[in-house]
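Just so it is clear, A, B and C label the chains in written order, and each chain counts residues from 1 on its own.
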Amino acid sequence: MNQASSKGTQDKSVAGEILSFIGRVILAVSIPLIAFYVLYLGFLFLRDSDAPREVITLVAIVWGVGGVGLLYWVFNNLVERLPDVWRGRLLPFVFVGPAMAILSWYLAIPTLRTFWISLFDRDGPPEELSLFQQLASDSFVGLSNYIAVFTEELMLEAFRNNLMWIIIGSTLSVVFGLLIAVLADRSSFEKTAKSLIFLPMAISFVGASIIWNFIYEYRPIGQTQIGLLNSIVTSFGGTPQAWPQWVAILPWNNLFLIVIVIWLQAGFSMVLFSAALKGIPEELMEAARMDGATEIQIFFRIMVPYIRGTIISVWTTIVIFTLKIFDVVWVMTGGQFGTHVIATQFYRQSFTNRNSGFGSAIAIVLLIAVIPVMIYNLKQFREQEAF
Amino acid sequence: MKSGKRQKKLGLLLVNATLLLLVLLWTIPTLGIFVSSFRNREKIANTGWWRVFPYRDWQMVREIDIQNSGLDPDGVMEIEGATGTFEEFRAGVETPDGKRITWIGNKRLGRVEVQEQVWTIDWDFTLDNYKQVLGGQDFEFKKPDGTVQIVPGDNMSSAFMNSLAVAIPSTAIPILIAAFAAYAFAWMKFPGRRWMFILIVALLVVPLQIALVPILRDYKALNLNGTFLAIWLAHTGFGLALATYLLYNYISGLPRDILESAFIDGASHFTVFTRLVLPLSVPALASFAIFQFLWVWNDYLVALIFLGGNPEFELVTQRMAAIVGSRGSEWHLLTAGAFVSMALPLLVFFSMQRFFVRGLLAGSVKG
Amino acid sequence: MNKKSLLWSMISLFVLASIVLAACGTPAATEEAPAATEEAPAATEEAPAATEEAPAATEEAMPEVSFDYPPGGALEAAIKGEYTGTTVTVDGAFEGNDPDGVKFAESMKAFEEATGITVNYIGNKEFEGSIAIRVDAGDAPDIVDFPQPGLFASFVRSGDIVPVDFISDEWLSQQYNPGWREFNTVDGVEAGVMHRYSGKSLVWYPKKAWDAAGYQVPETWDDLVALTQQIADDGDTAWCIGIESGAATGWVATDWTEDMMLRTTSLENYDAWVAGDLAFDSPEVRKAIETWSSVWFNDAFVNGGRSSIVSTFFGDAPGGMFNDPPNCWLHRQANFITSFFPEGTVYGEDYGFFYLPPVDPAYGKPFLVAGDLVAMFNDRPEVRALMEYFTTPQSASGWLEGGGAISAHQTATQDMYGSDLDYGVSQLVAGATSFRFDGSDLMPGEVGAGTFWSEISSYVAGSKDLDAALQAIDASWPR
């Protein structure tokens, strides 16, 4: 395809060049037009149709998935028709453009807006005014929301808990995931083991909270315990506790919530580690074994370095996930009994209290908290060499 | 040689045993509600699910009439050779012959039981919980004229259909877009590459709640609200950062020499991407596909905001929320409901599992 | 458009004609009556009544509907069919297909049949979050069912809610006890209408065992404490108490506090407290909390002891009453709690209730209530029509017939109720010397749905003393 088009440009005949130019223009214009028209028809059909649910669903799936593929193909085609210089410059943007556009629309711009709101009081900036007038209005409070974020008692508690989540939760998720992936790789029931470990990933947070309520469920002393943990504890003569609400051991009652997330997330890291481990050439490990390396040595000297990239990305993902942790806490304790985290505070301030300035400031603080992770990832990114 | 073999065997045993322990730890919580979902409402609320295994239980042999026994519950009593106060008898006092005397109830209404310990098992299962979850709950209304009207609940099939229509494109679209972007970040040179990547990592942490208000406003202007397109794009937007990030890590780790030789053969970036990179990335694509699918399948809030204005488009998660009831702890329905909503994600996982199996990646790299 | 109006004029012509015919027919029938019987005076009395009705009917040409409506309003126009085919969207805190959702749909049937307007319910569990998002994005639903007046008030103050000044004062005072109208009035503006409620000052007991044991329903708080002691002496714990409720853990304790505030201090103090003018750290509030604490913190009085209160789910707490023999005998909770009672238990046989007795006779017999009110975000005639419908007890018929809530309208009659229980509670409320709305629902979200819950939970759990808890609540009040 590439060669054909470059041959075309070598053609010296002027008429031919004009013709091919016109042809290119027509193609360049008509292909996207037709593509867009087809997509638009599909869109109208989906937006306004009264067809049976099954038909709509099917059209929806074909249109949605096919449409995106079509768009890339069309744009790539267009750019490939351009002269080499332009192709080299534009092609990366065809690849990366849609992602950046969508991310800007859905996340980046709302983030800027959130930052702006965080500089105002609980009702947010007066929207009828222009930006400069907003700054001059009484609602503008500068950084005082940020001061509140770092001084309020409940926020400090949330920061402490989030730190626990990150240090304990993400580390153990990664460690267990890696351990299971390595063990499963050489066990006799790899498929079953991996499926069962992964199973919790398929469960929604609401489902997970139901499951763990059955573990932590508390009944008064003397009554039949229906929670597994209390049943075990009482059968050894201990006193039953409502574990996540056990304020006597504050802040360690958070651990009972963190366990839930480790249980959920280990499957995630296991699957990614597993995929990476499969990529280690067998010869490499065989060679090491021939040299008399023990399995533990192989693990630390060969496997870990080889899948270092994956470990970093899994760790990053899980750290960021635990930084944002919300559902488990919200459903299990609602942030009470000293279990608030940053995201539950954000939700409370933004929606329950309708304090948009304070809520926005919390969201921005989350962004600041991720800067160390960004810097670390960037270092990795620099090492990557492109064509 | 021989000892090596034995060591290997021992190692395998160790590996299998450790893994088995971990798997059990991971499975028991789920197993608990799986078993519970087949028990009836009253049993779930009062006894543990592990009663499906044999256990020793105190069972009544006979009852002692206390009204005419002249026992004084305020003092120390002697019943059938056991002595104790009221409080002690309430907890149960064992007699020398292995029986137990238990006072049940308070001093006014109580009765005394002689109990014996026996092995029992509780295997009384029911499918009612699932019937109620799948078929919907019936409601009764007593009309002023005295008649009772029954409003039947609706079943879940349309909710399943809707959830599929939301989840499949919401999974495929971001993966496709992210794969293109990830390839560009990994193997193409362009200005702003680093800044864009920083942006993506930064956006990983942005809570999607901050985007709901502005996006809903845009949707209203575009008249998109309440359409499938609206929610696909929303899920794409919210899942894209993670997808790009994870796929970048995988695609950038592909062996450089394979790509190099393809370029030397004159392949374009598009060809390299579609013919070489995509097939090689199947494990990563499949992994992410599962996560995104699960995320979308279990999502409640995003669907609520962008699809919520339209009751026809009710999703499985919304059905589940309704089952929980407005003030509810209907344990028996929750257990069955959790399994119904898990069914499809599990199916997806098992059907895609072959992509994680050894050989696929290695084979294609060698080829 | 033209076709439609032609159709409608033909329908109204037809309706008019048939009513005129019917009106002509009625006097003819009464004329026959005196001839048939000798009771002439009675007949003549009837006759004018009939003729009076007839012209009214010919003037308005109204189809028969099962509910009353304010004269001359949007609902009347809607019944005439002026807005047929339109849709009104309602949002609320329950799901469209959970029990409340089904009851709501049932309640709307009469309205939809009479007017041809479709009521589209989109409520959900994340109501608090989603309503804020929808309104901020300019995508507000037409009508919202608010379970908390505090949240409602914040939307009134931000100017998003359309006041109900289109409904005449005369009509509203006919439908509502004046006290109820205060709940939907914010800063002097009547911005919504009350719809249905639960009575909270109720104590439940297991009737069979209760009768067998020979316990008596107490008339005063002292009697109740004496009964509690009696039950303890008999070897049982009297109270079933649980305040666990996920993110809302603690609300049961705030209800007790409010009930005790009403019983240990004046209504003025209660109102000042709810408005933020009386501090939590004041002798009045302290006394109210200490009153219930004396029962709660005595391990001999509470099933499982004090330590089990915070960790027992509020819906599971009454379960102890239904064991044989009961683990506990008394449970204070609003009437919706019956939906958490074990399946198959029957009011009057398995359980009964009594009014939570007064502590100090000086403050009469106050009653604590909580309920839902509806408010309008978009001003269209069909939305007004539905708002007017919400002022009738029929708009809560699903709950009255299916059980679970009480109509907030004083025009609701006994035959509208499907159960004696709900009607009984409504009579208790009607007979109370005063009633007040659940205070935590009226306070700002930071307190009413935040620190009041969490600090009182910490106090009950024992991780904070009362001073620290009350001071923390005061500190969190947004000023």
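Throughout what follows, a residue touches a chain if its C-beta (ideal position, glycine included) is under 8 Å from a C-beta of that chain, and two chains touch if they have at least 3 such contacts.
Note that the coordinates shown come from a computational prediction; the quantities given were computed from them, not determined experimentally.
If you sketch which chains touch which, every chain touches every other chain without exception. Across A-B and A-C, it is A-B that has more C-beta pairs touching. Closest to the protein's overall CA centre, chain by chain, comes B.
Chain B and chain C have CA centres that are 36 Å apart. Computed from the mean C-alpha positions, the centre of chain A lies at a distance of 18 Å from the centre of chain B.
Between chain A and chain C, the centres computed from C-alpha atoms are 43 Å apart.
With touch defined as above, residues shared between interfaces to two or more other chains in chain B number as follows: 45, 209, 213-214, 300, 321, 324. Counting partners per residue, chain A has 222, 347, 350 as the residues that reach two or more other chains.
Contact of a single residue of chain C with at least two other chains is seen at positions 129, 133.
Those residues of chain C that touch chain A in the shared complex are 128-129, 132-133, 154, 158, 244, 246-250, 303-305, 308, 310-312, 327, 444-446, 449-450, 453-454, 457-458, 461-463, 472, 478. Residues of chain A that touch chain B in their complex: 1-3, 43, 46-47, 53-54, 56-57, 60-61, 64-65, 68-69, 72, 76, 80, 89, 91-96, 98-100, 102-103, 105-111, 113-114, 176, 179-180, 183-189, 191-207, 210-212, 214-215, 222, 224-228, 231, 263, 266, 268, 271-272, 274-276, 278-279, 281-282, 295, 309-310, 312-313, 316-317, 320, 323-324, 326, 343, 346-347, 350, 360, 363, 366-367, 369-370, 373-374, 377-378, 381-382, 384-387. Within the complex, the chain B residues that touch chain C are 41-42, 45, 73, 86-87, 90, 104-110, 136-137, 139-144, 149, 151, 153-154, 209, 212-214, 216-217, 220, 225, 300-301, 304-305, 308-311, 314, 318-319, 321-329.
Contacts from chain A toward chain C in the complex involve residues 122-123, 153, 218-223, 241-242, 245, 247-248, 250, 330-338, 347-348, 350-355. Contact residues of chain C toward chain B in the complex are 89, 93-103, 106, 120-122, 124-126, 129-130, 133-134, 136-139, 141, 209, 212-214, 231, 233-236, 313, 315-316, 319, 325, 336, 339-340, 342-343, 398, 401-403, 415-416, 418-419.
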